[in-house]
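Take this structure first; my questions come after.
Chain nomenclature is as follows: A, B, C and D, assigned in order of appearance, with residue numbering initiated at 1 for each chain independently.
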Amino acid sequence: MATLLAVSFLTFLLVNLLPGDAINALIPIEAQQDQEYVAQVRAEWGLDDPMLVRYGKWLGDAVRGDLGDSIVTSRAVSGEIAHRIPVTGELMIVTVVFSVLMAVPLGVVSAYREGSRIDQFISGSAQFALSVPGFVAGLLFIYVFAMKLGWFPATGWTRISNSISGNLMTVTLPALSLSVIEVAVYARVVRSDLVATLKEDYILSAKSKGLKDGFILFRHALRPSSLTLITVVGLNIGLLLGGTVVVEFLFALPGLGKRLLDAIFQRDFMMVQGITVFVAMVYVVVNTLVDVVYLVVDPRIRKAD
Amino acid sequence: MAGTLLEVENLHTTFTIPAGEVKAVRGVSFSLERGRTLGIVGESGSGKTVLARSVMRLNLGTNVTTTGTAIFEGTDLLTRSPAEMRSLWGSEMAMVFQDPMTSLNPLVRVQRQVTEHLCRHIDLSRSEARQAAVDLLKEVRIPDPETRLRAFPHELSGGMRQRVCIAVALACEPSLLFADEPTTALDVTVQHQILNLLSREQTDRDMAMVLVTHDLGVVAGRTDDTMVMYAGTVVEHAPTRSLFADMRHPYSEALMRSIPRTSLPSHTRLAAITGRPPDLIAPPTGCAFSPRCPYVQDRCIEETPPLVATEDPAHRLACWTPVGSPEGQAAFQKNLASGLPQAVAVDISNPRPPTRGVEVDS
Amino acid sequence: MGAAVDTVEPTAAVRRPWIRRFVAKMPWTTRFCASWLIVIVTATVFADLIPGLADPNYQGFLFGDGATNEGPGLSHFLGTDNNSRDILARIVYGARVSLTVALAAVFMGVVFGGFFGSLVGFVRGKTDSTVMAVVDVILAFPGLVLLLTVVTLLGRRDLVVIAAVIGFLSIPPYTRVARANALSISRREFVTAARAIGTKKRTILFREVIPNVLPTLLAYAMVNAAVIILLEGALAFLGLSVEPPTSSWGTMVNAARVDLQINVWPAVWPSLALVFTVYSLNNVGDWLRRLRSVRSAAL
Amino acid sequence: MAGTGKAHLRTGEDVLMTVEDLVVEFPVGRGRTVKAVSGISFDIRSGETLGLVGESGCGKSTTGRAIIQLPRPTSGTVTFKGVDLAELSDEEIRRRRTHIQMIFQDPISSLNPRRTVGDIVAEPLRVWGPHDEAEQKGIVDRMLDAVGVDPDVARDKRPHEFSGGQCQRISIARSLVVGPDLLICDEPVSALDVSVQAQILNLLEDLKAEYGLTVVFIAHDLAVVKNISDRVAVMYLGKLCEVASPDVLYAEAAHPYTDLLLGSVPEPDPSVEIDESLIEGGELPSPINPPSGCRFRTRCDRATDLCTSEEPQMRGVADDHFVACHHPLVAVAG
């Protein structure tokens, strides 16, 4: 909570202190000759108040869910955010689910056969995939699957409510582009953690009881290893949010990231502020959730608390 | 006596690491009869744990090779398939590990850890498994077993955890139990309880037990036979009573004289063993103990002494100049006269004022 | 009799120069990656000395002006882009941006993050909770979002500003890594031993704690540099890194995107440069880390 | 005063240090505290070796660290050469560090892995002088030599190139280089193999004689403690149980806990009868919520209501033999 407050204040500070007068976004340069009009607009938007006062006002509204109005479109920031969440949200959920589903088996195989050819292949590929940024992967996918093969649309978005299959067609390539790095990160985490876990005494002990390798792997080894995975997924949400900005830009998706980018170019400070605080909130909430999951999965922490 | 249960012949175990081949076990042979207890004593790096794990085929990793034979109930364990080993593990042979803190899965409740292999080896219903678990915990004297079954390992004390580990090992009534330093991580009063528990279970079940430890005191009262290991080899193997009554190998003797004992008066000078254990990548030629041995002769450095029976056929020894023998006595006197540091160091009959610096890097 | 002594064997092995022993242990992929890193660093440093390269518009390179969207050829090794600029030249200059930004991030991270982290991990208490609260706040901003805001609102987008902002944002993660390390090191007995001797706290921090935090931090720096280069690439791709005409790999990819149907090369080359540089950093970094873990396991 | 009494404290000029009513407690969250050490008192004469023995969690290591004020005790006094260390400021304590030195359990962890051995041993000289480099080198060499490490070989190496036993020698050299009066050894041999353990014990005996050291020797191994000590104090759950000279203590233990400890030590002699009756687990109570009265009563078969309600005070049972027990195993003298 304190973190969120600090984030919102810092954002407010940044947006307000840095050069680039908001008035430029509100009134065309030509119209700024009219001093009276400018003053009137300033008063209307509360630009004359001291910064702390404005922050207080904004915060008071924000806790009630009102993040102010866009100074470019005059629409409610919260409404805009709500309108765009489904796109970014779907993109992220599909990416995380797909990445975890891909990464866990790869990491498990790699760890179980540590040092073997298959491990070398998986680890090597993961190291490579880690180096391919979303925009490069995206561009490659567009070139191959959209331009050459024509299987998927290169850009655009179909909402789920309009067509489920159409939605799937438009979410596939962006999600895949984001997944390249994510799969690599998760697979490496699962592998390195599992390799360490498999060297633990209790694995040897389970083996000496005559349990089958598969049983040991999934019932005894994977669970402690999954703790780290959960943490990394949580921490990665922040990076992923950054990644969606790029992918939404590349695929021209009407998501939160694209909106933020537009807002930045338009100097729409209310919008920038609203989205940043919203994103920070998501980040904080996700990481709190991770802590809760941790508490459920690991009995040791449960006791210590 | 029901005959031989385990017969190990010329067992070698080697680990390949980047620096070279670590010869952890070098040609160990011994046999164990049903219902008997064998103690394996040695310092760290002597190969005692590796030996136990090699026999059980529990060395993890792809860089380990084991050769030789280990006949268990008529068949060679080293040639068995992994699936065959699995059916033996837990049911016929079991192991108790050194650190009860790490040998139980921290995220799994006690009940499942005690019964999961029971359910695999014998088909049990849920309630039967639960009952079996309660009985087992009672057997190892865990108070209030019903509550403890639902506990996680970290909620138990070290002693309780080791009891759980013993319960796990005993669950399928194995005929052979390896206890690998089962009490090293425990306090002395708890150690005493755990050792008593192990002894009682061993007698009650007529189970053969291999007790691996670095502590001569632990094997003394609780084993039938004792095997002393040094640098991957067995240097002396004898019935425990006869070994302690008459230590013949210079290493066994030195080990015995270097430990402080509560039965000796305060400030008794200890006969420290000079030098340090050998490098197992390039072990010394001849007897591995020769560089530190007060009785060392040229022959010890040139030829490896075999493990052979002494006058007492049950007392086997690998030494050219045994303690107490005329050749040993002569060798020691010679070394003492020539001022060999390890001989001077053990000559506690002749205490000298402390010297310093002189014996550095001999 | 106390001097019953173990002998310390002097290393009999012939001491080859450390660099050769070092290289000898590398797998061939790592050697290749390390060579690539050396090549681009050299190219970046000496770029201005190559005739024709100094042209800010990258028009003429070695063999004179080219046409628009020329394919790879003898006069322009990697071809030209839609503004008839030599791609190789632009990649070399783009490397300068990537490397400068990465260097800034590593430098600020190691120096400031390393110091603050070690300090608060060592002294703990109130200082610790305060500094870590600030770190948490900065980390709660998704990196890219904060960067977008700051960069745009600063108005100026030359290399210095970009490097400074990214450098500043690198401090918190390094602080975290350093603190975690310093915490565990401060619990080690040699720190207690130093205090028992009567060493002053400041001396302990600089002599006992920081030297033990640094290796971990440097291993982290390798991987972090790769992440930073990716980040700068993404920023440039969005048009938010250094202002044109200064070239940056991300900018090049973005510009080439429009003509993807006509000519893929202007997109392929900078992408490859980016991917391969990042891969090399990861590869060499991983290798160094493995080397370290082997050594610390031997302790 | 709910201490375990001070009947065993001695007076006289040769008492180097007296610890009285030492209490160390650590907060563990939710307002709870671990009562690691709960009011113990002991003293040590110049040139004496005091063995502090007990099982893990009895507070023996905490006591050792509280003496050197790292961390400072919650309450109680540590009177060293007539000055109460607990009263001194941090800077005054720092100035007195040379008088009391400490050796730790893990020899490898107690040496900074990134510095050379010569550097590590010279560190105290850098703080306290002499500051002349050649002079420092001479002292370091002599000290390394004294602990049985060849200075020419060791000087430029790092700790990981040495075995555990050698590392322990090096840390002993570092402690002695400042010429302390009191050396606190916290389980100095328990991480070592038995043969190396004997080397270190012998070395400590020799150094003690040569440098006129006074030693507090903390260990869980009763045989080791008996071997090296002139006086032994047995600890249980933050309290002292029994104080005596080792030969007396081991021959006629007066406290049931001492008796249990001694009965549990495995003797390397097959003819010694083993007490097979102990199978069930007597467990160490939590130091967060220790039992009332005598802390050992939950595991003691002699415990009565008196033990629950009243804490036993230290009293003499023989000459220089003190026990804190309501029902000691030997008749109370006089």
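Keep this in mind: a residue touches a chain if its C-beta (ideal position, glycine included) is under 8 Å from a C-beta of that chain, and two chains touch if they have at least 3 such contacts.
What you see is a predicted model, and the numbers here were worked out from it, not measured in a lab.
Here C-D and A-B were compared by C-beta pairs in contact; the pair with more is C-D. Seen from the Cα centre of chain D, the chain whose own Cα centre is farthest off is A.
The distance from the centre of chain C to the centre of chain D, with each centre set as the mean of the Cα atoms, comes to 49 Å.
In terms of their C-alpha centroids, the spacing between chain A and chain B amounts to 55 Å.
Chain A and chain C have centres, each the mean of its CA atoms, that are 23 Å apart. Separation between the centroids of chain B and chain C, computed from CA atoms only, is 51 Å. In chain D, the residues that touch at least two other chains are 148-150, 153, 163, 165, 199, 202, 205-206. Annotation for chain C: residues 1-8 touch two or more other chains. Contacts with at least two other chains are made by no residue of chain A. Those residues of chain A lying in contact with chain C across their complex are 2-4, 6-7, 10-11, 14-15, 18-20, 124, 127-128, 130-136, 139-140, 142-143, 147, 238-239, 241-243, 245-246, 249-250, 260-261, 264-265, 267, 272, 275-276, 279-280, 283-284.
Considering their complex, residues 56, 58, 60, 62, 86-91, 94-95, 97-99, 102-108, 116-117, 120-121, 152, 154-155, 165, 168-169 of chain B touch chain A.
The touching residues of chain D, counted against chain C in their complex, run 65, 68, 70, 94-95, 97-98, 100-102, 104-106, 108-115, 123-124, 127-128, 147-150, 153-154, 157, 160-163, 165-166, 171, 174, 178, 199, 202-203, 205-207. Taken in their complex, chain C has these residues touching chain D: 1-8, 10, 188-190, 192-200, 203, 207-208, 211-212, 295, 298-299.
Those residues of chain A lying in contact with chain B across their complex are 115, 198-202, 204-212, 219-220, 223-224, 297-300, 303.
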